[in-house]
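Contents: one structure, followed by commentary.
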Amino acid sequence: MNKMRPLAVLAAGVLAASLAACGGGDSTGGDGPGWNAGVNEVVNQSDKKGGTLKLAHSDDWDSPDPGNTYYAFSQNFARLYGRALTTFKPGAGKESLEVIPDLATDLGQASDGGKTWTYKLRTGVKYDDGTTVTSKDVKYAVERSNYTEELQLGPKYFKQYLVDNDPAYKGPYKDKGDKGLESIETPDDQTIVFHLKEPFQEFDYLVAMSQTMPVPKAKDTGLKYENAMVSSGPYKVDNYTRGKSMTLSRNPHWDANTDPIRKALPDTIEVQAKQNADDIDQRLLAGSLDMDISGVGVQAGTQPKVLADDQKPYVDNPIQGFLRFMSLSVNVKPLDNLHCRRAVQYATDKVAAQTAYGGPLAGGDVGTTILPPAVDGYTKFDLYPQKQAENGGLDQATLDKAKQELQECGQPDGFKTKISARSDRPKEVAMAQAIQQSLKKVGIETEIVQFPAGDYFNKYAGVPEYVHDHGVGMMIWAWAADWPTGYGFLQQVVHGDAIKPSGNTNLAELDDPEINKALDQAITNPDKAARLKAYGEVDKMVMETATNVPLVYAKALMYRPERVTNAGITLSYGGMYDYLNMGVSE
Amino acid sequence: MAAPIEVSGSDTEAHPEAVLSGVDRKKIQGRSLGQIAWMRLKRDKIALTGAVVVILLILIAIFGPYFVQNPLTYHQNLIDPTYNRPKYGFWHSGISMDHPLGVEPGTGRDMLARIVHGARISLLVSFLATLMSVVIGTVAGVIAGYFGGWVDYIISRAMDAFLAFPLLLFAIALVGVVADGAFGMTGNGLRVSVLVIVIGFFNWPYIGRIIRGQTLSLREREFVDAARSMGASNSYVLFKEILPNLVAPILVYATLLIPVNILFEAALSFLGVGVIPPTPSWGGMLTLAVPIYSSDPMFMIIPGMAIFITVLAFNLFGDGLRDALDPRAK
Amino acid sequence: MTGTAPAADTAGTGEAPTAFLEVRDLKIHFPTDDGLVKSVDGLSFQLERGRTLGIVGESGSGKSVTSLGILGLHNKRNANVSGEIWLDGKELVGASQSEVRRLRGRDMAMIFQDPLSSMHPFYTVGQQIIEAYRVHNDVSKQVARKHAIDMLGKVGIPRPDQRVDDYPHQFSGGMRQRAMIAMALSCDPELLIADEPTTALDVTVQAQILDLIRDLQQEFNSAVIMITHDLGVVAELADDILVMYAGRAVEQASVDATFHRPLHPYTWGLLGSMPRLDRDRSERLLPITGSPPSLINVPSGCAFHPRCPYRDLNEGKSETKRPELVEVEPGHKAACHLPLGRRREIWTDEIRPKL
Amino acid sequence: MLLLVSLVTFGIFFWLPKLAGQTTDQIAAGYVGKAPTQQAIEDTKERLGLDDPVVVQYADYLKAIIVGKDFKAGPVTDHCPAPCLGYSYRSSQPVLETLLDRAPATLSLAVGAAVIWLVGGITVGVISALRRGTLWDRMAMIVALSGVSLPIYFTGLVSLALFSYSIPIFPGGGSYTSITENPVQWFQALVLPWVTLAFLYAAMYARLTRAGMLETMNEDYIRTARAKGLPEKTVVTKHALRASLTPIMTVFGLDLGLLLGGAVLTESTFGIPGLGRLAIDSIRSGDLPMVLGVTLITSTSIVVINLIVDLLYAIVDPRVRLA
């Protein structure tokens, strides 16, 4: 599992188009909407109801419980059986990044300088058991997902930003008082008010998370809720068997009048879990399957097939929300020295890394900034320009720069350290090997250490103490924003406050007062344009510290079978197809 | 899977006397077990082929690495960025004059070099592991078989228990739990030793069982009684009478255990708990080949065949050796 | 002693003989890694119904191979068989396997040395007899079972109706051998070959089994070949005796002649090495010196010469010329270079007294 | 026996990590999800009882098996009746339920393959034994050796590449469906796994059978059977083969037992959702109760099958007395 999958990524349509171009040119031969057509607009637009939408997953949900999940695909898909206060506009490219009201009638009303947010619920929204949705259910949903010890899998932003009770709130399962979390008020069944510790201008993005999908207290069964979920969306979950499948059918009590954004086209939706990845691709190409729900693109083995002229028109190659990069721990010698870090910035052959990860199409574009081009606030710059020698590898000039930095660092002959990667991510390990090779050229000797992805952040790379003790100077990983803004992307990675004893996400342990301050100010700023500008500047400041080596902006080859209607890449869920209005043509 | 004890049924079906009075006489005229074995082995063309290949492999494992290019050197220029696989060579294998077995997708590292270095790891691990199994197995087997009674009972039950474990799972788990830096070792040094210990430790019952059986029967033999009756000490009987007679079976089953262990090591690497990259290993190469095997099968075939040929060679040789040395075939 | 009129005259002519069983110039050779093993090398004899032929010799003299050869039980793949075996007017060496198979068990049966290993451990004695009976007789299981019980009764097994369902390992050695015999006789064969039928048994039982065989032979009037290295046994049972050495017959005569007027040094040796309880022994036994010859490189000339104390008495013929088996007295044949008279002297003067 | 197995398993998974120097905090950190605050870690430790000494944890585990156990799922508590193998650390599913849910796939795979390899292996073995030294025999034995020399995941991939992708006769990996759902697809999906798995084992059994036959064909009672004038066919099948089968039964018991614990490599190669894959996944995700569960199932099936084998022994070989 990737530590974090994006809830949203911002990208300019123009950009997407240009990416499409560098992604292998336009459709050649074959009919169909065309290569990369789904990146900018929704393909096969249709209102035809009926049929069965078949999806498959090579793995399984962390949990389909809206209050206990983190995956992007899960957030994307949960909207079929649940309605959060807000959501992202169904569509492709730029428009897909717009936050719009869903369960709420309108976006949040900020007051008190952005510390208080008020939402009004739509009337007449019913669960699949016929009961009516009230604001208490939303409150309860947030409480159970953020404050209980049982539901651990989802993000904990509400806990982080909302004012806590005094004494600390123990969550609805332990705290039997009827007040619950006092910082969420529900003056009436249609109104809900959130009180934040600090001004926070991007709260509308936060409540777009599946964690605000209403859960009636009476129906909550904690960890077992995933097997008996109550639906507030157009579909109800008929059954979910972990490791096997989930089937959805229409929610008889869903009323289109209360829901302007959903089309609810298929009669039934099936998801098979734990399927063989290659087989998923085969079935996609054969037309017996409609979607790979995980949205990570086709397997390397299928790549040649989908790039063949007859298939290419059905392929999109969108930028995904990830930055794949290498953090340099400022607390591991000699990387505590700026110049040693800068040396690494130069000496790391990013093209080699890119190829190792799958090349420009399946791997991604070479990265030079922390913010991926698809994230709002991205400004293009390259502080450590590299050049390739004609027969592969970095050219002498670049290597000389690196050597010179090593000189200044006092390590003219290079140094020794460790590179960490996730053992069950062959491509990441391949990347590590590529980097190991290129660093060797300037005398930086590295040893590759591998850890299981499951424990990467909670036990190893994400545990500063471990990193220091074992001298793991370089850590390869990937990161995507939890909500589609520069803040959502940067805060967890570069803000001093993000450093945690375990499950750390600021792997470089960068704690620069300037950077921290810049971020803190940005988020309190109601002016969006100003915020975006600030994110770009923070990005530059971070790159100045050379603590993180951007490797690639992730991209994937996504297959869009002919019979699938309303297929568009939504950047808000990290560049996968938007499932909200997907249908099938018979 | 304990190898079946095969009798190469000698052609004496209907005329025991004839051959006894015939062949035996000659044997009595000073033909040692070794000579007989060698004589038989020489006649067994298949086993000989196996033996030759085995020797070749060992030579390759020892000296090969000095003759091939660096298995870690990248040849990005050989890789087609769009498909992320070699630009030329049939099946996009990248086979060429400089790269007889082609190059690896993504990195363009020389396959031949990786196979050769892989052979080194594979053989190193399986040999050491086998050695370990043989030592534990022999000691346990002899003790159980020779002293019998409750000692035998305990050891036998232990062997049963071991055979009842899902070894692969345990191996994976064990390699997993041993964190880097444990026992003051790091990187591949640690990993290889862990692999050796895990594989070796889990395979000893196979040897143990056989040795126990052999010892049991030996213990009843006249010459042992004779020695005992002359008041020989246990240790004397064990080392002077029993062990020498166990050499043949030990040799045979060690040879037959090596291929089993090679497969075991490959399987572990395949499941991602083998030696640590960039050190090449055959199983590891197969893992990388899995996602692309349907489009570019060469990267699966080459390491696959490497494993196959090696294991087959050892099996053929070990088989012939057994037929040649099998006491019952004498 | 018409029973064993010399076969030499009709040898190899290919036409059916008068005798019930006639073996002509039988050769059974086994090519092995170490050379050609001549287990049987030109053996001829004949046998009538109701009579018993004892074949004696040391192990390795080719006795058992002969018997297996007659039944066609030698390994087809690696044995070269030549010569003729006539059973009741049918030639067996040339006959197809299936023909011989059909004869086996019905016309000729065999009793083996070790009854335990010779009976299948997984089947009851009854099953094995029934099986034997039903191969050759198309009868219902019940009938066959009935027959089996009768047979067991005949061979003197108490409570046969119960024992029939026992497994071999539940029988005592003697009982087992009786069961074997019952099985062999279940289709009342005309030729019964007993290969060391008593060696695996203890002495008291031996006698009983021998009696049993004798009685049954009288009852069924079958021809019996008794293979043994124990002259005592043949003395008990046989009418005639064939002494084999290194795959050839060296002496062939009636029991009486063999025991009282043996005309071959090897026979003397055998007699000499046989403990005689019926008379007080003057001296110690006279074992034959040396060990049996290799059947791969059989000694030149007389195969026995390396061990023969009288080899120097024939102007070196022993080492060069192989002595033919010739009739020296009516119905008494021997293969030896020693002049007949000399032989008689040696027997009467030197050997007999010492026995 | 089972106790021993469970004890060792428990030791390896619960005790060894501590031995390797991990603190309970670190261990717990593996299960807290993505926001491992100290609070969360404490909660998790308490929830999973990781702070107790390993002995106590083992005792609890056994207790659960005997009397069952309650599981706090939040607002509701869930009772898992004896024999309770606990709950997954990851998915919070009852272990036994999951095992039973996965077992059919593994069972189908193992049994189907077993049938093929027994029939195939024994037939080939017998023929080779009878035609010893002939070309057929040599070929058969070389093929057999190749069988045991091929890594199953390699044969699996090759067979998939050939018969599923190049020549699409059979469905690709991961197309397993339960027999109750769709018998036809169940069969189609399992043909390749069966054959690949059977190939490996058939090879072994062919060699076993051949060896056994060669041995028994030298037995006196075979000569007797021939002497009775039995047709060669009867001699071979009824007398020789039956005697040769006993040693094979023993090995078969062990193999089948281990297979029922999940053919790890085969299942992961063909994407069959059986116990083997469950085991691998669980080990990777450190889902100890699951791992324990699978190991126990495996050893149990081995013990049970060996019992059956012993019984069969007594039936096949009258000399064997049941103790």
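To keep things simple, chains are lettered A, B, C and D as they appear, and every chain counts its residues starting from 1.
As a convention for this text, contacts are C-beta pairs under 8 Å (C-beta built on N, C-alpha and C of every residue); 3 or more make two chains touch, one makes a residue touch a chain.
As the structure is a prediction and not an experimental result, all values here were calculated from the model.
Among the remaining chains, the Cα-based centre furthest from that of chain A is the centre of C. A summary of chain positions shows that the Cα centroid lying nearest the centre of all protein Cα atoms is that of chain D. Set side by side, the interfaces A-B and B-D show unequal numbers of C-beta pairs in contact, with more at B-D. Each chain gets a centre from the mean of its Cα atoms; for chain A and chain C, those two points are 94 Å apart. Chain C has its Cα centroid 52 Å from the Cα centroid of chain B. Chain B has its Cα centroid 47 Å from the Cα centroid of chain A. Averaged C-alpha coordinates put the centre of chain B at 23 Å from the centre of chain D. Under the contact definition stated at the top, the residues of chain C that touch 2 or more other chains are 68, 73.
The residues of chain D that reach two or more other chains are 165, 223, 284, listed in rising order. Within chain A, contacts with two or more other chains are made by residues 278, 424, 452. Residue ranges on chain B touching chain A, taken from their complex, read 72-77, 79, 81-85, 105-108, 176, 180-181, 186-187, 272-273, 276-278, 287-288, 291-296. Interface of chain B with chain D (complex): residues 1-9, 12-14, 46, 157, 160-161, 163-166, 168-170, 172-174, 176-179, 182, 259, 263, 266-267, 270-271, 283, 286, 289-290, 293-294, 297, 300-301, 304, 307-308, 311-312, 315-316, 319.
By the touch criterion stated above, chain D contacts chain C in their complex at residues 219-221, 223-232, 234, 239, 242-243, 316-319. Of all residues in chain A, only 24, 277-278, 299-305, 307, 351-352, 355-356, 358-363, 390-393, 423-424, 426, 429-430, 432-434, 436-437, 447-450, 452, 470 touch chain B in the complex they form.
Residues of chain D that touch chain B in their complex: 1, 4-5, 8-9, 12-13, 16-17, 20-22, 132, 138, 142, 145-146, 148-151, 153-154, 157-158, 160-161, 165, 204, 207-208, 210-212, 214-215, 217-218, 223, 247, 251, 254-255, 257-258, 261-262, 264-265, 268, 279-280, 283-284, 291, 294-295, 298-299, 302-303.
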